[in-house]
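Quick notes on the structure that follows.
Labels A, B and C are assigned to the chains in the order they are written; within every chain, residues are numbered from 1.
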């Protein structure tokens, strides 16, 4: 039922997105692929990326889920503004996020002195990487769960309350299971965003092998000196991204 | 448990006062937007009235400075949509109330099985909500509400969304399990009111316009809405010279004083329909315009303005009626009951 | 796919590709009858080359100088991929060698400036750094360039000559990143070029160290093969190498080759 001519621009659009991926695959030195992606530096970067992204996703779940519930289920003055601000990292250039984090958690930042007193040094640490990733990934989770909450509506929660369930019981036994698919796809997206985080990390956390040099930073670094390795690692990230999208889709279709 | 209820919700134009006696089922009737849902929301603690008081026995649930949260009111709700939790089995759904009130899994499951048995849904225990029919789901939802051991049950048009075929059996079940309970039943089905309710109140425009025992209200409706669901024609006006609003009739009970507000009520089957006013007839002649024709068994109900007439299919055919046709409704004064309001 | 359909698809693709270039192209037209000289130069040359460019424009009527500043290796890569550069000024000889090896030099490269390393510290020097040896202190947060980029390679060489092992908290991709970490106060010290310290003004203090003289970075410049206007490119290079250009460079802290 769609006009046939739509296929042509649609195909151009698809090609525009897909061709660069094909180009990466075409550029990869397949015979050396294994050696390229298993150098010590690459393994360190991959392991660091997976670890920090997992922790960042966990933090997003811990703080983003309650945030989504508050945004979806309550109303208070200025809520629209709060929602927009919370979602700001979605559209903010990551490097700006990095600068903002620097002036919050950095040595001379808003909380720098307090953190120093507590003996916490955030800058140049793996913690900084996790903070940067959490900052950019949080909105993905909040948007996903808030959407699921709004779709589910409050009727089940009201029914549960009228059966005598306290708010905590309702949240645990009704709300969370109902939005589980949204929660899973949100977590997967947040993980993917964390894995790909570059701008905020390089601005805020620096770049040191095994400590703060995540996979994207390693690729950026290798691009100067070892293009083959950079391309090979890029392929790794592409594969991970494809897997993540597949997972998120599955989560959504289960909803 | 008796319920005393008074609430004013200004922005919805609702100002309702009513009581439900211990063990009584009260049917709340009224057109859409009359304030029925608002009433239930206030009772369930989902809405704070601007003014008012909800008391269940001696316990104040809603009062100035008091607002008991929904989960602590012991008021269960059953809505049009069964709202079974989709991630739990039928048994777990019914056990949800007992579990939430602190029962152990074993006790909660035992209670759930008992109530599933009571509503005739014992064999559904292990199914998922997605695997049961609409009527079955509503039975399960009823069991779930009862298992929560409520002191007051709020039913919000529980059968409005169901297939007509399953209604009689479900009504029987409701009649059995509601007996002796304190219940508020919102409905616009006259059968529900007749079979399940001891008393009815009619809401219109956010106010109680009529209240009384079900049979009395349906036999002698004083409001247009009650008359409509009772299937009766109602003309309201003042009683003057043996007529209400130009319709002559026989007063039942004490005759209203001249000029006092009164209603004239008559059955659609008592109405004869003519294309031209019959000359010299002693009957009431009401010129109207046909709005709708509706087959009812071997009869046709002719709706005209706010009145209705039942005629045989043959007469309808002979009259050659269509919406917009001007006709005359004629009814004998002896068929018209008049009473004061 | 039919031939006609393929033709339509190709047409649309070309149209799509033409859109952005058409809109960019209109920019170039604004100068009317002017000639444009495009110079690709290392990021550390930004302020000096902009000044030289203004002087060049003043001396050449109807000529507009456009710059693309960036990391030298990025610039070489872009030129190799067909970027329309007329002149290339590199921050090190290695990247100029890459251009030559690719046969893209439109004339012999000539050295026009040198640069040496210096330690940049936040104002007030909180970690009390006074020598290259101090950078090895356990409590000093040092940020350097990654060994893969020119400033990092130079830093490694100095460290080796000085016999000092520095444990940086971060190996940055560019001098700018190193400087950023120092100006924000996150790092106690960063190893950058003399010119960067000067350009940063009051936001950092510079600490000179004698070992820097042993590792001198040389900046070569060359016209790019295939330039539309080889004479104009040559004249620009002459300006850089001449007294006026050298004066500007030395004011900014660059040394004479």
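By definition in this document, contacts are C-beta pairs under 8 Å (C-beta built on N, C-alpha and C of every residue); 3 or more make two chains touch, one makes a residue touch a chain.
This is a predicted model, so every value here is computed, not measured.
Peer 1: Please identify the chain lying most centrally, where each chain is represented by the average of its Cα atoms.
Peer 2: Central chain: A.
Peer 1: By mean C-alpha position, what chain is farthest away from subunit B?
Peer 2: Centre of mass proxy via C-alpha means gives C as farthest from subunit B.
Peer 1: Rounded to a whole Å, what is the gap between the Cα centroids of subunit A and subunit B?
Peer 2: From the centre of subunit A to the centre of subunit B is 53 Å.
Peer 1: Indicate the whole-number Å distance between the mean C-alpha point of subunit B and the mean C-alpha point of subunit C.
Peer 2: Chain centres of subunit B and subunit C, defined by C-alpha means, are spaced 83 Å apart.
Peer 1: Quick one: subunit A and subunit C, Cα centre-to-centre, how many Å?
Peer 2: So the centre of subunit A lies 33 Å away from the centre of subunit C.
Peer 1: Over in the complex, which subunit B residues touch subunit A? Could you list them?
Peer 2: 44, 46, 69-77, 79, 81, 83, 85-87, 96-97, 100-101, 144-145, 148, 154
Peer 1: In the complex, go through subunit C and note every residue touching subunit A.
Peer 2: For this pair, the touching residues of subunit C are 5, 8-9, 12-13, 16, 71, 73, 141, 143, 146, 148-149, 168-173, 177, 180-181, 184-187.
Peer 1: Under the definition above, what is the set of subunit A residues touching subunit C in their complex?
Peer 2: Residues of subunit A touching subunit C: 8-9, 11-12, 15-16, 102-103, 106-108, 123-124, 202-203, 205-209, 212-213, 220-222, 224-225.
Peer 1: Mind listing the subunit A positions that touch subunit B in their complex?
Peer 2: 155-156, 158-167, 169-170, 173-174, 177-178, 180
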